[in-house]
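Let me begin by presenting the structure, written as structure tokens, before commenting on it.
Letters A, B, C, D, E and F mark the chains in the order given here, with residues in each chain numbered from 1 onward.
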Amino acid sequence: MSYSTKSPWIIHYDGSSCNGCDIEVLACLTPMYDLERFGIVNTGNPKHADILLITGSINEQNRDVVKQIYEQMPEPKVVVAIGICATSGGVFKKCYNILGGVDKVIPVDIYVPGCAARPEAIIDGVVKALRILEEKSKALHNKGGKVQ
Amino acid sequence: MNVLYLVSMIGYIVLAPIFGLVLAGLDRKVSARMQRRVGPPVVQPYYDVRKLMEKDQVTVNKVQDFYVFCFLLFIVITGCIFFAGGDLLLVVFTLTLANVFLVLAAYSSNSPYSQVGAERELYQMMAYEPMVLLTMIGFYLAVGSFNVSDILNGDKMPIVTMVGIFVGFLFILTIKFRKSPFDLSMSHHAHQDIVKGVTTEFSGRTLAYVEIAHWYENIMLLGIVFLFFCNGTWWGYVIGVVVAAVSFFLETFIDNSFARMKWQVALKSSWVVSILFGLINVALLIWVF
Amino acid sequence: MTRSHEVQEITEISYSDLLVKAKELAEGGYRAVQICATSKDGKTEMLYSFDKDFKMINYRVNVPSEMRVSSITGFFWSAFIFENEVHDLFGIEFTDLVLDYKGNFFKLSSKTPWKTEAKKEVQ
Amino acid sequence: MGSFKIGGIVLSSAFKRPSTRLYPTVPRKWQDNTRGHVEIDPEQCILCGICSKKCPADALTVDKAARTWTIDRMSCVQCRSCVESCPKQCLVMKNEYTSPNVKKVIDTVNIPEKVKKEE
Amino acid sequence: MYSVFFLLLFPALMAVLLLLVKNDKLRGVIVISGAIVIMAASVYVALEFLKDGTTYFNFESEMLDWFMLAVELILCAAVIYLGMKYKKYLASILSLVQAVFLVWFEITYAHEINVLNNLYIDQFSIIMILIIGVIGSLICIYSLGYMRDFQEHHVSEKDRRPWFFFLMFIFLSAMFGIVTSNNLMWFFFFWEVTTLCSFALIGFTKTEEAVKNSFKQIILNLVGGIALILAIIVLGTQYDVMEFDVLLRMDSNAMYVMLAVGLFSIAGITKAALMPFHSWLLGAMVAPTPTSALLHSSTMVKAGVFLILKLSPMYGNNVVGYMVMCIGGLTFLLASMAAISQSNAKRVLAYSTIANLGLIAACGAVGTYEALWAGMMILIFHAVTKSMLFLCVGTAEHHIGSRDIEDMDGLFSRMPKLSALMIIGISGMFLAPFGMLISKWAAMISFVNSENLVLITCICFGSAVTIFYWGKWLGKMVAVVANSKDVEESVHKEEWVVLGLLATLVIAICFSFPFISSEILSPYLLSVFGQPVNPIFATFGIAYVCVLLGMLALLVVVPIPFFNKTKKKVRNNYMCGVNNGDNQSYSGSMGMSVNVSMRNWYMEDWFGEDRINKIGLVLTTAIIIVAFVLILGGVTS
Amino acid sequence: MGKRTIVPFGPQHPALPEPIHLDLELEDEKVIRAVPSIGYVHRGLEKLVEQNDYQIMCYVMERVCGICSFGHSWGYAAAVEGLMDIEVPERAEHLRTIFHELSRIHSHLLWLGLLADAMGFESLFMHCWRLRESILDIFEKSTGGRVILSFTKIGGQFKDIPKESLAEIVIILENMRKELLVVTNVFLDDTSVKNRMCGVGKLSKEDIMKLGAIGPTARGSGVNNDARCLDLGKYKELGFKPILETDGDCYARCKVRVREIFQSIDIIIKDVENIPEGPVNIPVKGMPPMGDFIARIEQPRGEAFYYVKGNGTKYLDRARVRTPTNANIPILVKVLQGCYLNDVTMMVMTIDPCISCTER
């Protein structure tokens, strides 16, 4: 079993969201939902993170930022797009400055729908992400990428 | 006698991470409960470290690992010297060396937030070092030896004449445990003004080393707390262990009861405490007791 | 009760009056509430709002889209944020902008998305 | 002024039950109003397309020719606009949200031919 | 005995020779061969006399005394002249006063006093001889390359290198004299010669600042010189004593003896640049760097503490003892603090030197064998390490064009070898397995044992502060900056050789310090205090020495596996997601690419130089005044 | 020492709630210069008026910001209602007031939590957010959404809130009050918290007036521009008095918000007592006419400005929001100068920036 799933550390980045999903992500960390039950810690630093929770859609200016955060996360890593904005652009999809969902710039592993995504949905999404994380972790090790 | 010390040294190497881990886990659990949360499992720190070991190994430069490894190594050596009944001043100096390695690791990455973290870490060292030295001097004056083994077997409880120093030491323990109000250079909390400070650029195994080093370090520091209560009898030891545990959770409580203060406060307050509690107590030890 | 809120007067002024009025208001202790541009048929309508003690004064100025407009940031420093925005979105150039982002206020996928062409049919 | 102002809550909290909702261990009961996902009653729909016009997120497609009503679940913002605007009241907002998925879910509903009544 | 004379005379001869040689190549040959001879001679002397312990030489010559007086008067005249010329009348006046005292004493008393032994040599002198001989000669060699660069930077000026090397070698002679004179008048003579050498070297570049600072130096040191001559006068007139060994056997609690010791201490304090006289050493940093390394860190200022350490048995729990202790302790604490606010590498080194000299002086003043042991150890380690650091900074300066620590960003990538040396040097100053720390440790123990609260405070807080300023410098150096160019090729060969040797010396001394302790220090301490203890083993025990040596060895071994293989992938730095990809810049506001830069903390508000110096000046001056009032009032302990 | 530390602060930074970027120039940790840049959240949603009719725009508008989404839908609706000369039923107006104040409580608690978090005061953050959940529960129960309510439409509210539910809200608020007092007292009284806030980021009354700051930021310096003093909503009837503090530092701004929480509770309770029976919406017919209209509303962060311009079709010519943060950013630039790096987060927090709405 991979320990990644026991201790998934997250980083949260806010693309061009309306804050709605953002605060719901944060709410997940607070007493009512307490993601730390699953060993989840909000690291705020891509270099420590395993899961990128990203809310809001991609626009011209944050495109490179999102890419860079993703690149700076060490493998194995998963990306969870939270909220309709992050999955498809949502109500803003037709805006001139919106390129669309997060999958426009980085590969997304889990889409969490909702506007705003409910904390429960976010938890579900993260739990699903853990499975993917586990697979990725196995794949990484089978490649012989590292010795334990 | 020598064999005994060898045993306790090996015991430290083997057991300290286990105790350190559990303490770290309990700290998180208790903190969570204080915040009306469920919190992670107690062995969560273990998972974290295993996870970090598993991660893909990336770094920002090739020398960083060396420094971090030395940090861990010298923390362990510090603890070994301590638990082998060694000289307290040597313990302090080795600990300083270890911490300097951590600082260098942060500097070496040449990244903005690591550097600010390193700077703050050094600054914190400057803040707590006098009190640490005074504590050791206090032991010497109270017991007549810098040797842990002598203090362990001394017949009077050091705390009796070292109450002030004990308070001062607890104060700087907040800095050493990286707890609010003085978790300035790095913090377990994400919402830190300097990102992750010292550890910003560490990842994977390097970060795991830092974590493990903290376990070792915490146990060693609690060992010093324990030392205040040794009088060569079994109940002295019991009191020591209990107080050490209590002080650990006291720190957790303090962590949850304070905001991170401005960094300026750290130096001022810990120097004031060093003078008020440490130095005056040392003076009393010299002139009165 | 007919309406639950006050109706705002919008006064149309000529462009040449803009700075005069701005100066007047600045001296009168007004704050700049906002600047709103509306572009239609190659013309831009600038709406300036100022407020003092809940009394709002709104001026409308019509300018051709290509015209360089004088900045009011000399009187209302904080208006740099509105003018830079208008510059980036509507392509209006401001003269004497005190804190000029030079078109780097927003990074946009298309340049001046709100700017309309003179002939363009609007829905 | 003083320290440990929060000490009381913090200490007492340590001995109180956490206020955490143990989701997903304990499933969540939804409020009646909770906006989760849109469901259609295909029997009622007349493929008028109003819902799709009123959708701010362009999540709905109504294809008269193919007789399908399609919702892009990963675009719907649960605004209830379609529900409100449907002349036949054949749309309802259910409590359960669309569950997170590895791909974008698009649900297509076939609208059966209706036997013309009076009109 | 002739070997000692050789040491005294040979450098002086070389000096005269160098003054005459104008050819660069030839000068190189002479300097190198001369330096090697001096080095060899000092080692020879050391070996010759190590076994014998304290040895006295009776060498008398009326001629010589008159010669010295003549030279002294010429020097005084020179200072008076220069003082008038540059309108620094204070210097002239002080010099005049000194000359008057000197002549008066020489004429009235000096010749009446019978001096048994003019020269002597003991283990402490041996240590000093080795330091002067080895480090001094190495620095002279180093200067060759450095001064060549210097000349290139200052083409417009006349080549004054002969003068430079003349001074350096004369200085060596004088230093040898200081540490081997038993005759106080001789001691005074050599002392004044070093002062003048320093004066000339500080003013070497002849810039306005250099001149100003050189006068600052001469004025403060003349105060010391006057104190010295006064001390000699007191001893001579009151007790007919003009020899060190006799002085050391006297009862320090007698009022005049104490007065003399007090005056000696003032002389020592000025020379060692302790507060309140420390400002001259900072000013001295305008001199060419080898000068700073030689005169202002490893040898000349050491003469000041040498005097204090030598007088150690006279100190202890008496007024002068406390005076020097407090001044030393405070100097250590305050100079360390002031070092925080400095970004000029040489000034940091200068403050650190002042701090360490303070610590050594405090050790000497405690007057116990442990403390003296610690003091001597610090002296040794400091001399070696600091001179190396100065030379490193000198070399770095010529290649990166700045002596500012802030410009040493990532020096490790730009000048890897040099930075490795610097890192060794800096670590040597404050980190665990290195000698400085061991000595500080001993100092701390001896302070605690002497139950002196002021010293305990100073050393606890001072050490903490020390960590900060060295740590941040070290950090600057180790930073790995991407895409930096290696600029090391152009470093002169002489410089490498010398730096390498010094670094070897630093490490060698660390490893051999048990030997130094047992073979050199212990016999000396035995002879001084009559206590047959080897403090290193008494206070630490053999086990710790092993631990420390082990740690040191570890530090050498551990890097090997790490530096060679890292399979890790290298990624970019974290910069809030806007790193431009080169780790050097990020895309910032207004669409600009902004270069990141990182600057250390200086905490100007708290540790600003002016503020600290003011505090130091007030406190230490007060201490001196109080001490002398007490002594003159007859209170001695 | 000419050199300075130059570091990027944001857009991705854990202490920043939302992406904004600052170029910081530091000496030690003192900020010598700070140049902000925004645009990481800019979507351009105002331009959606060309594609969505004026009614659907209401859904878009409430997504200007997820924190005070209710206020945005109200503000926009009010502007359109003004333009179309629609009179909203009394009960709807009362409901709007109640929900707006609930939003304020939730927003202020959220803000207090984030403030605590910015100070590294984790437990305080957790407790604030724990209390905030009660408000979200009210929202979910009554409107079906936790943060995006979709409760307002042009002409009134979607549905009525039954009497019992209103009574329940009052009970919940009354129950919260006690615990709120203890928690907020920590902000006002704890030494370590005060250490971070008192005297930090001072803004004089003149600064505020000159730079046009609004909301609690302005009220912390004694400047009243609380748009609740205007006609919109039922505030006048409820005897609303704005809360003012005079110190102008972070602490004062925090205090304003703490006091506003309790004030909001009082307003809600009073409003529930006074709410008349009746319809909650009226049918809206026709198109927005030619012309324009301005509405202002007091959001948790300050006055928001809405401008709509109709052209006789169902598509508006222009809808414009000037949100509170938009007006407060100049203040940020000012206040950052000369503070310390660890104060930067505090400064950013105390003007309570909502970048989302700033950039739209």
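Here is the rule we go by: contacts are C-beta pairs under 8 Å (C-beta built on N, C-alpha and C of every residue); 3 or more make two chains touch, one makes a residue touch a chain.
Because the structure is predicted, anything quoted here is derived from the model rather than measured.
Looking at subunit C and subunit E, the chains that touch each of them are A, F. A separation of 43 Å divides the Cα centre of subunit B from that of subunit F. Centre-to-centre spacing of subunit A and subunit C amounts to 39 Å, using the average Cα coordinate of each chain. Averaging C-alpha coordinates per chain places the centre of subunit B 51 Å away from that of subunit D. Contact of a single residue of subunit A with at least two other chains is seen at positions 13, 30-32, 34, 37, 42-47, 59, 61, 65, 69, 74, 90-91, 94, 96-97, 115, 118-119.
Multi-chain contact residues of subunit B, defined as those touching 2 or more other chains: 32, 34-39, 56-58, 112-113, 115, 190-192, 195, 200-201, 256-258. Of all residues in subunit C, those touching 2 or more other chains are 101, 104, 106-108, 113, listed in ascending order.
Pairs of chains that satisfy the touch definition comprise A-B, A-C, A-D, A-E, A-F, B-D, B-E, B-F, C-E, C-F, D-F, E-F. By the touch rule above, subunit C contacts subunit E in their complex via residues 101-104, 107. Taken in their complex, subunit F has these residues touching subunit B: 5, 7-8, 13-15, 29, 114, 116-127, 130, 190, 192-193, 195-196, 340-345.
Partner subunit D is touched in their complex by these residues of subunit B: 30, 32-39, 253, 256-258.
Put simply, subunit A touches subunit D in their complex at residues 31-34, 37, 80, 84, 87-91, 93-94, 101, 109-115, 118-121, 123-125, 127-128, 132. The part of subunit D that touches subunit F in the complex is made up of residues 1-6, 8-10, 13, 19, 31-35, 54-56, 77-81, 84, 93.
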